[in-house]
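Each chain gets a letter, A, B, C, D and E, in the order it is written, and its residues are counted from 1.
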Amino acid sequence: MLLSVIVFLPLAGALLVLLAGGRGDRPEREGTVRAVALGVSLVAFAATLFLWWRFNPAEPGFQFVENHPWMPQFGISYHLGVDGISLFLVVLTGFLTPLSLLCSWESTHNNVKLFSFFMLVLESAMLGVFVSIDLFLFYIFWDAVLIPMYFLIGIWGYERRIYAAVKFILYTMVGSILMLVAIIGLSYAHGTISGQPTFDLQQLYGTALTWQMEKWFFLAFAVAFLIKVPLFPFHTWLPDAHVEAPTAGSVILAGVMLKMGTYGLLRFAYPLFPHAFSYFAPYIALLAVVGIIYGALVAMVQPDMKKLVAYSSVSHLGFVVLGLCSNTIQGVEGAIYQMLNHGVSTGGLFIIVGMLSDRRHTRLIAEYGGLKAVMPRLVACFMIVTLSSIAVPGFNGFIGEFLILLGSFRWMPWMTSVAASGVILSAVYMLWMFQRVNYGDVTNEKNRALPDLSTREWALMIPTVAMAIFMGVFPAIFLRTMEPSVMKVIDLINGVAR
Amino acid sequence: MLLLIPLLPFAGFVINALLGRRLPKSISGGLACLVMLASLAISAASVWTLVSHPDIPWLEATYYRWMSSGDLQIPVQFRLDHLSALMILVVTGIGSLIHIYSTAYMHEETDGEYARYFSYLNLFAAFMLVLVLGSTFPVMFVGWEGVGLCSYLLIGFWYKKRSAADAGKKAFVVNRIGDFGFILGMLLIFSKFTTLDFQAVAANVNTLPVEHSMGWVTVATLLLFLGATGKSAQIPLYTWLPDAMEGPTPVSALIHAATMVTAGVYMIGRNAVLFQHTPITLAVVAGIGIATALMAGTIGLVQNDIKRVLAYSTVSQLGYMFLAMGVGAYAAGIFHLYTHAFFKALLFLGSGAVIHALAGEQDIRNMGGLKKALPITYWTFLIGAIAIAGVPPLAGFFSKDEILWRTFAGGHRIMWIIGLVTSFLTATYMFRLVFLTFHGERRHDAPAAPAHPEEEEPAAHGVGHAAAASASSVHSSDIGHRASGIGHGHGAHLHDAPPAMTLVLIVLAIGSVLAGLVGIPHVLGGGNRIERFLDPAFEAHEMAPATEFQVSESRVRAGASPASEAAAATREPTAEEQGDAEWMLMLLSSGIAVAGIVIAAYFWLRNRKAAASIARGAAPVYTLLLNKYYVDELYNALVVQPIKQISTLVLWKGADAGLIDGTVNGVGFAVRESSGSLRRLQSGSIRAYAASLFFGVILILGWYLLR
Amino acid sequence: MDANIISFYIFAVIAVLASLGVVGQRNPMHSVMLLIVSFGALAGLYVLLDAPFSAVTQIIIYAGAIMVLFLFVVMLLNAHTEDDIPKTTIGPRALRIGVLLSLLLGVEVAVALSRLGITSFNNDPGMVSAISSVSRIGTQLFTTHSFAFEVTSILILVSMVGAVVIARREH
Amino acid sequence: MMNSLAATIPILIVVLSAIAAMLAEAIRHPGERMYIAGFGLIGLAGAGVASVFLWDTDAVSFGVVRADNFTLFINIILCIIGILTMLFSHEVVEREGLPAGEYYALTLFAISGMMLMVAAIDLLVIFLALEVLSLSVYVLTALRRASAAGSEAAFKYFLLGGFSSAFFLYGIAFAFLLSNGSTRLDVIAQAIATGPNATVSLLAMGLLAVGFCFKVSAVPFHMWTPDAYEGAPTIVTAFMSTGVKAAAFGAFVRVFLSTFEPMQGQWIQVLSAIAVATMVLGAVMGVLQNNVKRMLAYSSIAHAGYLLLGIIAANSAGKAAVLFYLLTYAVANLGALGIVALLGTAEHPHDQLRDFAGLWKTRPALAGLMTVFLLSLGGFPPTAGFVGKWYIFSAAVQEGHYALAIVGVLSSVVSVFFYLRIVVMMYMTEEGAVPVRPHVSAAAMAGLAFAMLATFYLGVLPTRVIDYALQSIQTIF
Amino acid sequence: MLTLNHFLILSGVLFSIGTIGVFLRRNLITILLSIEIMLNAVNLTFVAAGRYIGTVDGQIITFFVMTVAAAEAAVGLALVISLFRHRETLSPEAFTSLKW
């Protein structure tokens, strides 16, 4: 029951928000609506923490399993469960949603009711993605995520929001809908072997497919997930979506949604099609490495902070994909860890950029400069988040990148060596931006009297910064919990191939 | 207890970072000094514990599991052996002094900035101690990057000044290039040994034969060495260090002279067993070291910024240390590291006192005759200069001579000769600095000194280092104000620095005189105690029983292996036959040092015109040296700009926006266009519709009939 | 060459020519008249096929009722000739393509049907009389096809309502 | 006697309600307000109830009407379509000044024709039912006499419909020849089974396919669709886009998946080609439309393509999927077009894309409902449209038609683009100068709410309905 | 000898003549007439087939077809009248306001 509660609590909260908001767009109810939404998301976060607390780290399989037949005709069931891999993504979702609600506090006044509604619906859908272990159910959540995000970008975004929203939804749909075909095909392929088609992930593992089928199914799955990640060269929707999305949208998009792609690779694409995986893994890894370098280089020359962070995500997620492709314990654990890190640090970066653009209504780096003198506290937080993002040891980012590199080095030393140069480039682009924004003299008079962090913004920054450091100092807490499950997945892949 | 050593400065950092803004200077500065002194005390106690138990090779403390993933188990573990013992004493000792010095030097800053400064400084000390104490590569790497970070923060401390911010970033990025190598080195080692513990690696590598051709150990050590070149400012990654002089002078003393930049040397010392297995790498290390030493020495000869001269001198001395490492004289290298920490810190702090007195002036062409006005500064500075020049019996002589001797004894004659030349250069440029700064007449045009220090900038600097020169103009709030506070900083009002600073200078001067005494070589009857002290650290040991919980990875551990004994054999020259040679060389190098001083005295004390005419006569060379061989420009033209241009034009505008996104949008466009043209078929004419219908019928029937 | 064949060809030629006339005529009035001729020819063919009932209904219902309706509309709208609207959205070339399509259709049907092989009629007198028996048709119509017959009532009701509601003048 | 009538009861009830509506109009005093839709509601509800009672009886009347579960399932879909239409109609008819009695009568006649078309197991009756429904719909299209577009649309529809029914009839003639003098489906099936006369059976099949493809508006027989949908009064568009499709597909499935199933090898390529063209063209051509009705017309073409996949798959999943999809499509499309109809007035039809600008500000509930329907049409979970699409495509995949499924899903992405254009207008564009949007009555809102609930119900808990769909195909195929 | 083929081919020819009308004629009424030609062609098929098979059903169907034709003609002509009222012309080219 716990998982169902966690998944549907935000949805119930969303309906509650609609009730609390009354009919129409009523600004006087804004406070109530925000409070309700934030309260619900906090309760959901508490629930995810409770889940973590009750989680048995020694158990490699799924826990808190709920399995009810749903459409028994097709072998579809309402099958939820978490293991060490999804647990933290669930917690991350719970963690970031209140933050993103909070960070839109000042900037979003246009129909807050609807905004909060979509945010909570989005949370539900994302949580659903991470806890579904039935492919059909997974796909439903997977696709359902698109709609609220589409609205968040399209309604509350910036100038080219419609273009970005439409591009976002269509691009990701193209990939995922091919996956749908593959899911169906897989289910029937399983059906022809075992006599009963099923969408249950655990039963589908190890389905003996012909090579042709396995290859194409894998590609369909992989493309869907890689678009979501997004891996070079499927990434171009991301900068647009990020730049145009409201801060909260960017935070969720970068923080959680991109992880849906990498999560999908690890949970579905790789273990379901191990032969195809071992055949294609080098190519995917190659793309990941190209993406690491490419994303960093392109990020370096962006004039727009959000775009810069967006391209940096391309680079960071390249590491994650590389780690996943290595299929070594360190690589995979590092990748999962890096997903969490990226959620915290890039989420934090987007929050900070959002704070700046709340104040100045621009995201162009050139408009800023010398902020450190004006807003020392904000800049201090900015610094920490930046450091976390460029993987300075002691911060969370390092653990992830190090483990990934370590794992993939054992697999493909040369490729990894190239990838490791991303470490240099990330310092270049992040510090360059940081310097242009915060150092030097205040050149633009408009920046002269900007207020420093407000209490609300402290409430945003403290958890982010605390997590960035905590996860850098005590990674074993997380790694230990995910290890049995990761071992299991690796065994699943290795059990058949390699 | 080991944990407290870095933790105390870290606590100082946390307190100053969080509360510093609201604390008065006395408290924030006092706190910072206090934690450093406490750390020093604990270090001393720890070292005493270690030394008093000769039977145990090291003290070890494991705190918790940091990274744990499959066969990768990285505990947070500190290990105090003799090498790190020396290092923590240097770090906490010199660090404490510089903290004390800074309380006065930075006094003109606002409370918030003051606290920020000390918080960074404390953080630096903490990371440096982690670097030194860490028992595994990753833990060391935490400190390694951490000190880089602090260096970044401190170089850019006066962030409003663009050049400072740039220099900080440059330092970080260049260090990152090194770190890239370091990481790859770690990965390679782990992939072979599945451990990253220094001792375990050493034990493992001892089971392998010495690698005489390009094997993976060579590759790994070269990669690690790349990291060292970044951190320790060696060719090709040295360019950040001179720029780093944008930071406050005490920072230069602590980070960019005494401690952080020596981390590369330390790291090689730490992995002596590993490096000992690859003659190729050792040759590279030595070669790079000596080349750097020479190059930096030549550049130092013509620089006009007092701190830059010292910076190049640092680079040069670091080159010596790497030379020592490269020829297998690990103890000698570390010895030089240790003595260098004293006299280079002294020199930097002395230059800080000068700058302080001159209200931010850093150009030695505008100095002169400060001997009388700043006597303590002068004398301490002079001691430092003598020490670095290598005049016996000051500290520098023993360490540098040891290196040169080992180079010679190891058969590296060319390197030895270059080393001598460099030694000569060192003496020359150091005394050029001394003479230009303290002797002669004050060239600073006193009446012209403006009332507003902001406008003090000597516009015609020639070197093009407006950045350095503009120090006084931009961060007027610090040095400029201080100058006005001290009495407008010119003429008769010049005087020595406040007591906190002079005290530190004096202590360091004493150190520079005496520090070498621990390393008096055998020929001089000293017994080279430092070498005996350090040697155990350069060998592989059985893993000592863990003091706290230990990772239960079973590893193959070899004891002190034949290989390391063989290595020891090369280090221990059979004393008797070589005694004479060593004497000779000692005299030679002392003589060269003295010669350098004399030359310097001739050109810059006696006959400055001669110096100028030589400069004119060899104008191309002079310009080349003045512009530091154009390396920065070269890097800029070959690496930085191409990357920027390619990223902007090819990757972003071309590939990303044009090709990839163009394809994506092109699909959308194609759909729209085909929609636009297909809908023309829907012409509205009923005949067309009927035609379509009939067409369908014909196709269907035709398919059936003609199939 | 028996009489049946000769009559068949006569009627067939009349029917085809009249039909071509219908579609080849600019004057709708003439088209209607020619269609009636065509229907007459078809009625003759029905007779040849021993289907007098159909022949009669063809004349009575088609020629007598439906065509009158057409004539009535033609005259009501006073549309004796085609309006010359030179501007056509579909050009003459496209028009030819349309005609070509129709011809192609005819060819295809003809080819298909010619594949059936010679299928001569059964001239058994018993069967012929059964076929041409009107009472039999009536019986069949009101037994086997009674439901269809009822449906036509709805059909006619619909068309009646429809015609009224469309053609009624706006008040 | 009752027994022999049983199968026709739902149809009879609807016909009676149609006549009642006509009579009501006749006895109504001019200007008197009368809720004529009530007759329709009663009749349709009755037909629905009758259909429920007939479930599993497999009654046959007159040898030509068969109330098997398949019929009844579509009957219920048609009843839902009819009831929703009736709920929306009252105010629309009044506002647009449509002749009320005729409108309701013709709508109900059309529904009876649709029911009959599905129930009939005799090609002749199918043809007659087709004509009943077609003529009703032609007239309904032209019902707004003041509108030139309406007449034009109706005439185009009528003329092309006339051509297509001639083809259809020609096909019946060949089937008649083939089956030795019968138009009953079972007899034809036997004739095909016992040794088909290849040419005649191919001709019959091809020409019948033309007739059906025309009615379901498959490419290249689709040309009338956009014009007719655009020109017709919106409420009629809503009705015919769903009802006609349901009936035509019902008959299509019955004829092709039972009678002509042995010839699957002959028609599968043809229908595949048609399906591909239909899906692609429908989706692509909808992209640039600025009239919502026209856009939804192209969308309905695309949907016909997806439905064809179910027929092509020809397995039990495919057949059941067609039924299920028809239901999901019906509620969503009727909901969407119903909203368009409800927002329109005689002067301002509210069918241009830009008319929807800022709808969510003035009418958040309608905007929300519209969004749900559009998302369902686009096939987003957790709406009915997703399950429908998934079911259809999985049927195709099950038979190995991967290529068709991929074309289908990709074209559905394209169609999502234009559904989203409406969403963009409603939510993300500032309100333009739109005249005051009319009030929407509680009845209509109830209808919309029902459609929305159905959309979610079918999207989240489709099991039961899918079970019924599976049951309903087992009796005949 | 008269065979079924004669009639079927004749009906095919008539049917395709009917289809030409829509392209050749620029008059809505004539186009309606061409539909009638097509229906008649089908009727001929039915009667011929009935004769060949030996059943009266062919004639009965012809009867139904005539009914349908009548109903269609009524509605069609009503539409023609309605169109004429709007545009005062019967040319199909005048009715292309709905397109694209």
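The rule we apply is simple: a residue touches a chain if its C-beta (ideal position, glycine included) is under 8 Å from a C-beta of that chain, and two chains touch if they have at least 3 such contacts.
Note that the coordinates shown come from a computational prediction; the quantities given were computed from them, not determined experimentally.
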Q: Identify the chains in contact with subunit C as well as subunit D, in label order.
A: B, E
Q) Going by the average position of its CA atoms, which chain sits the greatest distance from subunit C? A) B
Q.
Measuring between Cα centroids, what's the chain most distant from subunit E?
A. B
Q.
Quick check for you: compute each chain's CA centroid and the global CA centroid, then name the chain with the smallest gap between them.
A. A
Q.
Taking the mean of the CA coordinates per chain, how far is subunit B from subunit E in Å?
A. 97
Q: Just give me the whole-number Å value for how far the CA centre of subunit A lies from that of subunit C.
A: 70
Q. In whole angstrom, how far does the Cα centroid of subunit C sit from the Cα centroid of subunit E?
A. 6
**Q.** Intercentroid distance (Cα basis), subunit D paired with subunit A, Å
**A.** 42
(Q) Two or more other chains touching the same residue: where does that happen in subunit C? (A) 88-90, 95, 98, 101-102, 105, 109, 112-113, 116, 144-145, 148, 152, 155, 158-159, 162, 164, 166
Q.
Could you pull out the residues of subunit B that touch at least 2 other chains?
A. 679, 682-688, 690-691, 694-695, 697, 701, 704-705
Q.
Give the residues of subunit E touching no fewer than two other chains, as numbers and ranges.
A. 15, 18-19, 22-23, 31-32, 50, 52, 54-55, 57-58, 64, 68, 71-72, 75, 79-80, 82, 93, 95-99
Q: Could you run through all the chain pairs that touch each other?
A: A-B, A-D, B-C, B-D, B-E, C-D, C-E, D-E
Q. In their shared complex, at which residues does subunit D touch subunit A?
A. 360-361, 364, 375, 380-382, 386, 390, 393-394, 397-398, 402, 405-406, 409-410, 412-413, 416-417, 420, 423-424, 427-428, 462-463, 466-467, 470
Q | Residues on subunit C engaged by subunit D in the complex (per definition of touch) | A | 109, 112-113, 115-116, 144-148, 151-152, 154-155, 157-159, 161-162, 164-166, 168, 170
Q: Spell out the residues on subunit D that touch subunit B in their complex, using ranges where they run on.
A: 155-156, 159-160, 163-164, 167, 199, 202-203, 206-207, 209-210, 213-214, 219-221, 223-224, 226-227, 266, 269-270, 274, 281, 284-289, 414, 417
Q) Residues of subunit D touching subunit E in their complex? A) 124, 127-128, 131, 135, 138-139, 142, 145, 148-149, 151-156, 158-159, 162-163, 165-166, 169-170, 172-174, 176-177, 180-183, 226-227, 230-231
Q: Using the touch rule from the top, collect the residues of subunit B that touch subunit C in their complex.
A: 683-685, 687-688, 690-691, 694-695, 697-698, 701-702, 704-705
